[in-house]
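Both of the next two complexes hold subunit A, though its partner changes from subunit B to subunit C.
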Partner chain A sequence: MRLLVKNGSIQRRLAVQLSLVAGILSFGLFMLIQVVAETAAVDTQDKILRASAISIADSLYAENGKVRLELPYAALSMLGTISQDRVFYRVLFKEKTLTGYDDLPVQAVEMLERKNKFSTFQYRGEEVRSVLIKRSIAVDGVFSDAIIIVAQTRLGLNVISQKITRTATTMGVLFFLFGTGLSVWAAHVALNPLNRIAQAVTQRGPKDLRPVTGNSPSELKPLVDALNSFILRLKSSALRTEDFISEAAHRVRTPLATVRTQAEVIHRSLDKSKNKTALRDMIRALDESSRSAGQLLDHAMVNFRSDQFSPSEINLLDILKEVCNRLSPLAGLKDITINNEFQEDNCLFRGDAILLHNAIRNILDNAIKYSPDDSIITVKCHWSKKIIVSFEDAGRGFSGNEYTKRFTRGTNVGDVIGSGLGLTIANEVAIVHGGFVLISKNKKGVGSCVSLILPTF
Partner chain B sequence: MRYLLVEDNIQLARAISDRFALEGHVVDHAKSLNEAREFMDLTSYQLILLDIMLPDGDGRFFLKTHRVNKNTTPIIILTARSEVSDRINLLDLGADDYITKPFDFRELEARCRAVLRRQDGSADNKLELSGTILDSLEGTLKTGAKIEKLRNRELRLIEIFFSSPEKIFSKNHLMDRLFSFSEDISENAIEVYVGRLRKKLDNSHVKIETVRGLGYRLISLK
Partner chain C sequence: MRFAYFTYLLAAFVFLKSFALAFEIEDNKYYEVEKNEQILRIISTADIEAFEPIILAFQKEFQTIAIDYVVASSSQTMEAIYNENGKFDLVISSAMDLQTKLANDGLAQTYKSLETEKLPIWAQWRNQVYGFTHEPAVMVISKKEYGNLPLPKTRDQFVELLRRNSEKFIGRIGTYDVSQSGLGYLFATQDSRNTDSFWRLIEMIGRLDVELYCCSGSMIEDVSSGRLVLAYNVLGSYAENSLKKFPGLKIISFDDFSTIMMRTALIPMAAKRPDLSGKMIDFLLQLHSKPDLVALSGLQPITRHNLLDDKRTRPIRLGPGLLVFLDKLRKENFLRNWESSISQE
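== the complex of A and B ==
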């Protein structure tokens, strides 16, 4: 038992302990039924024996100086009602047997003085229960004692006793089973709040640091409080990391900006094409590193927000328009036009505006980067069963097997250097919202079509 | 155009000022918010470029009071942070636009232009030569009643010519100013844009002339 409960769950421990109690109670019930019923059965037999003996005694009378007995039929037949038991009797007067079985033993006289005039003994190979009563009868004016003994085998009683045992066992087992069932249920119910809390914590993402809320019983409050304070400490440490990333970004980006701008100024003033090329390469490297840094930060932010996903009602078209407006000047530098084709004015959606903003910006930024000069990027948004936001460009597109490869870090389009995180970010945002990113060929010929597919609610 | 640059990093501020000077803009540099307020009391600016983290306060606070005081001078934020929530917050506070450091100067220029266009630019932005008017904010070229809409690169190219008529610009110089560093462009690309501009200058009294071996220049036919 110790083994069973030592490492087992509290629930099992509780169930086992409650079942033990149920077992003890069941045994008690069994004993109670057995004792009470048997006593009652024995009492019944005793009473009938006594009644039989009394009725025999009552039929004794003196006549002509002799004691006579007219054995009443009922005196013995009442004993027969119990079962097929055999009945023995003996009537003695002045220590001489008047009638009945001679060898039926007369219990000692002292027995008469006992309150209990019943006894159990072996007679003719069988256990019998007997009663002995005394009656004074006057014969010729002299009172003498007549002794009446009635005995009966106990077969019927044994049958009853077996029946009682069976019933008591059945009752005990049923009670035990019922009690055990109740114990398991009670243990389960008692531990429900604990399970709820455990489930609430285990279902979380690795960075979900919201405190555990909901009603918990007072016994669990210290545990929940301790858990929450731990979560709080963890959260503040995570926030410090966030601040650190922001701060680091600031520290790195400002000098990068200085170097880049100065390089541009110098580039303009140089005449030798060799130097110009070198400087140009330098600026490109700077651009790539800052783009990658930006995407890494975006990615970190997307991870952070995905873990604490808290959607709200938003108009997807507002975000789309804002991002398009925001990136138009950038597209304009390459004479790229961004065309919007929206189905209606409102596309209501439950999601995280900042995440979606980030995803859309990254897809569009990618499209601009890989689109040739003087081209058109078409942003479409239509919905029926699903919301489909698609970005069609005239860029170099993706080659066959890159259609699924794009969703991992570090892959690029052909020979263009970049972190390749843009679509990974978009894909992760889509997944958080229950959607996905699909890459297909642009139906109008060259280029590709990146679609952000989101479920409608 | 006169811009106010509020930036505590002196090297970056100098580089940005130099770069704007190349485009013919005047930039005053304030190292702190207090200095910026002093500058603004003395003169008016077409545009303010504002850093967020400054020694004497948060640029966002400056932005907020700027809008509360109903000052309409557009502000572009130069931010080193890249969290989107930050950016959205900036626009809510009343920034006209923002750009993340480090930036392509052409992008900053394009954003300045877009912001100024929304601001409904002043007459300063119109250049005229022999009856042809270039509106650099609207991006149009007007000859008599005919108005030609210019695309981004066409506009930037003709701006260069209009700023110094008669001056010869080499192909290399024009390429530097027109294309970003990430693009590999052949010299022919300039010819394409010059060709387009020539078409749009038909029936006017100005012409882009090829100077063999040297480059191009804008001349008046009057």
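== the complex of A and C ==
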């Protein structure tokens, strides 16, 4: 028992307990059938005994001052119809044996007063069931009592009760098997809601921190509530982290801008080229830091909007054009030309405009950053089964295993300083929209090609 | 029958009342075997003559079993089993009622074997009383004495025939003395149960000065000798056997019904060799597979169907019903009625 439930499967425990109940019920059923059927069998024998005794009593008559008896053939033959039992009878008049087996015991007279005139006792080496009835006979005008006893052995009854026991056993076993089957099924069904909840939680994405909803049985409410409050705390903790990062980034960006302006002013006023170079480096580092802070902010924003993703009908090309326009001055600083190759004027898509804007800006920003001076970045947008927005540059590209590592936060290409968040942000946005980001080598030669692949709806 | 010849020679003891017994025996024969190792002691109501073929066939199969065969009337057989402790291993009797009473009173042993399992349910009682033959009660007439009177088909016709031709039948009808013969009593009581014309018939033959007999054998003899014109309620098997000896006989079965008696065997409680009795019971139950022995003994073996085939047959059922006519008061009444019907002046 303990072994069975040791490893704590509720289903098994439930099944075992229900089976035990089924076992107890089966035994109860067995006993019930046994008792009811045997009572019926005894009752049948009693009725035949009684009928026999009555038919004997009915054939008593008085003649010439004597009691006579014409024992009816049926009185004894009826007892032989259902079984091959031994039959005994005795008729007494005025307490003297008239006929029959004169050693057949007459039960105490008070038996006659009782309702139950049947008794069971040992006679001639076997257990017999007997009935005793009384009949008043008038002899010469005086009534006296005649007593009739009919007894029969219980061989037939034993045969019947063996048959009943067999039937009852079969019924009990069948009932038990049926009950056990039902128990296993019931245990399985009862645990279904639990499995459903477990499955619902298991199937969630890593960032899905919504509370568990849906109908759960009242017994599971505490568990679900506890789970939900845990999720809530986890979520608030995650939010707090993001808040902290964006807050920090935001706080850092403003002073950085101030420092950069000051450094620019100083740079202009300096004459010594040695100091000038140092200051130039400082300004570049400040730019990087500022960019990283911006990306951190972007990332926090992407996370936030992903959690509350609410798509709307947008034109992807508008976003692309706007991003290209906004970044063309930055590209201009490095003499980089951005070419647009769009299939048509419209590319309708259901998505979050701000997220997509962010993603595209980060990809393009990356491309500008890694492209050599005086080069061309080609932005393409075409769609058939899927929407593919690709950015081809002439940069140094990625080597081997770096294609997948790119999406991990904080990794960067070789010596370039930065948060390394650009592609991570783009990828997360793509995933939210049901797409992905593909990095490949530029088919035209040097450089790489980053594609944002989105499904059409 | 060389073997039979030897056994006749070797049959050493014929007791014939030589012992002070509590019961009377009619005949006794000892069937010895060469290796006399064990003795099966049978008390039977069947004449030695009728049963000898079976004993000899049995001994051919079981060559080490000697048989002590005692013949007694059915009431004396009953007496013997009640009072003689362990003198007999097997009781073979035509009085089904007395055999039933023995079993009912707890004086019979239960015996089961493959052969008894095969027996139809109505041919045994409590696995203690086993029927092995069925024999009808028939009427036997002497062809010569009967003449060309019409043959009665029913008991009513028979009474009518007797009434019309009373002068021919006076003093020349035989039947069992029911106060003496257990089998006669069994036949008469069953008749009384089965038809209303029984008492009219008894009155009629009583008026015709019926001759009363103890046994079927002597009735048949008297019919064949011409002393009787007919005998009523004769054992069919005996009559059948006598046909060969007395070709002047004719057997008549009535169409309204014919009572069928089963010859039964039981093992007394006090039997010393119930194993040998069991062998004999099995042998008797196999009788239907030995047609030559059936022909020799004239005993009709029990088979599963033969009693159900014919609507006219009334097999006597084994069971407590048979105890009714053994009831003291009932028997007194019956015999009183019977005697007053028979001996009316």
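Following the convention adopted for this analysis, the second predicted complex is superposed on the first by the 251 of 457 C-alpha atoms of A that agree within 3 Å, B and C clash if a C-alpha of one lies under 4 Å from a C-alpha of the other, contacts with A are read in each partner's own complex, and residues count from 1 in each chain.
The rule is short, and it goes like this: contacts are C-beta pairs under 8 Å (C-beta built on N, C-alpha and C of every residue); 3 or more make two chains touch, one makes a residue touch a chain.
Since this is a predicted model, take the numbers as computed values, not measurements.
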Partner chain in contact with A:L330 - subunit B first, subunit C second, else both or neither: first
Residue contacts with subunit A in the superposition, subunit B compared against subunit C: B
First (subunit B), second (subunit C), both or neither touched by A:L98: second
Contacts of A:L76 with subunit B and subunit C, given as first, second, both or neither: second
Touched partner set for A:Q84, first subunit B, second subunit C, both or neither: second
Touching partner for A:R124 - first (subunit B), second (subunit C), both, neither: second
Footprint overlap on subunit A, where subunit B in one structure and subunit C in the other make contact: none
Residues of subunit B touching subunit A in the complex: 9, 11-12, 15-16, 18-19, 22, 53, 78, 80-85, 88, 97, 100-107, 110-111, 113-114, 151-153, 172, 176-177, 180-183
Residues of subunit A that touch subunit B when the two form their complex: 246, 249-251, 253-262, 264-265, 267-268, 273, 276, 280, 283-284, 286-287, 290, 293-294, 297-298, 301, 326, 328-330, 332-335, 353-354, 357-358, 361, 369, 373-374
Subunit A residues within the subunit C interface of the complex: 68-77, 79-80, 84-88, 98-100, 124-126, 155
Complex interface listing, subunit C residues touching subunit A: 103-106, 125-126, 193, 317, 319-321, 323-325, 327-330, 333
